[in-house]
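Below is one structure, written out as structure tokens, with a few remarks after it.
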């Protein structure tokens, strides 16, 4: 494995994780990252939205979810010759302002680092086995895929659904 | 100004700055960032290289450099409706492993945040008034622009040299 | 034989629970198992956008199931 | 009149220093000032890829210069 890929139960400290990652890859020159935080808002996207005072739940399927993240990480590593890669994805119930996902890629040059983060986010959002539901005033509601997710994926050459 | 844009003399702590930025934009949902570190290596790119045990010096021209960074930040803000923006660029003498540049963009959705970081890096590298020299065994040597910088810029619609 | 069914995402609501252990007559494939359930649930499970995993590996609906297997029904991921 | 010249990047080496204060006869434009310097330095300053700033604003080489002005010669940025 080119780096750390994990599902995280409970809040994590993205700044500390990113600091550790950058220090570990001090020679890499370029470290790109993306942090998704639960948004308190009115439309679905990344970060995901929850209504004020409400919660978001992220569910996974143990035998498939982490393996599909690892396969995705390996594909990014192969495509962009990264010197390091970090994917942390939260599962469980979370509230507005909390981190959901942190992706970081280290490389010699900025283009591969930035592109790999972009690729990983598009695929994490639409190819990795996560299901989300939102707690609203009327109870829990499943979040359905959006057309935008398909458009995002179409930016990349085919990557097998793993 | 939509955020903080500064020249930094002496080392800074990118993780702490990024943590502060993410906390300030907890509602944004998406925080993309790029960190360039001085690379100890053998080709020029971002992070910039210095030979082992050597140093890199980044020079600016006071009346132009910061204003050109601010103009660039305003352009990114206008193009992508960012909820926040952070550009820290070091000047002076620095050694391998030290941070040179930190760019972070906060937005509701990941696409504008990631794209704006990419745009800012391409333009910081080739449009903002910085000159670099590298201390080698034979003395200080100026780093000349690369063809890659022009290619990188050509990815974006024209942005005035400010 | 006994088979464990796992319902992910919106299918949990359709099934009234995340998991169900059922007895089925061999030989059975995933489609047969779905057809043995309530008609509404069966329709939800066999919708075109649902995928299937047998013991953690993605398979087709005509894959046959053995005693003790776990069959998961996977609706599209939420995206975002 | 007196004018301050600032040489950035590689032009610092060409000029043998980052800054120089010189006396010039008015009326003078930036090109005139460059031409009053050593021929090698003049050639480096008027290369096609060098830009000019007068008191911190980018200008053309035929922009005229007044007493106390600061003229900066800006080679291409280093990129990377």
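Labels for the chains are A, B, C and D, by order of writing; each one numbers its residues from 1.
The rule is short, and it goes like this: a contact is a pair of C-beta atoms (placed from the backbone, for glycine too) under 8 Å apart; a residue touches a chain by one contact, two chains touch by 3 or more.
Labels paired with UniProt names: A, B = Molybdopterin synthase catalytic subunit; C, D = MoaD/ThiS family protein.
Predicted model only: the values in this text are computed from it and were never measured.
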{"item": "Common touching chains of chain D (MoaD/ThiS family protein) and chain A", "value": "B"}
{"item": "Path length in steps (a step moves to a chain that is touched) from chain B to chain D (MoaD/ThiS family protein)", "value": "1"}
{"item": "Centroid distance [mean C-alpha coordinates] between chain B and chain A, Å", "value": "24"}
{"item": "Intercentroid distance (Cα basis), chain C (MoaD/ThiS family protein) paired with chain A, Å", "value": "27"}
{"item": "Distance from chain D (MoaD/ThiS family protein) to chain C (MoaD/ThiS family protein) - Cα centre to Cα centre, in angstrom", "value": "76"}
{"item": "Separation of mean Cα positions, chain C (MoaD/ThiS family protein) and chain B [Å, integer]", "value": "51"}
{"item": "In chain A, residues with contacts to at least two other chains", "value": "45-46, 48"}
{"item": "Every chain pair meeting the contact rule", "value": "A-B, A-C, B-D"}
{"item": "Footprint of chain C (MoaD/ThiS family protein) on chain A - complex, ascending", "value": "44-46, 48, 59, 61, 63-64, 67, 125-133, 142-146, 148-149, 161"}
{"item": "Chain A-touching residues of chain C (MoaD/ThiS family protein), taken from the complex the two chains share", "value": "6, 8-10, 13, 53, 55-58, 70, 72, 74-80"}
{"item": "Chain A-facing residues of chain B, complex", "value": "14-16, 18-19, 22, 26-41, 43, 45-49, 96-97, 108-111, 113-114, 117-118, 121, 152"}
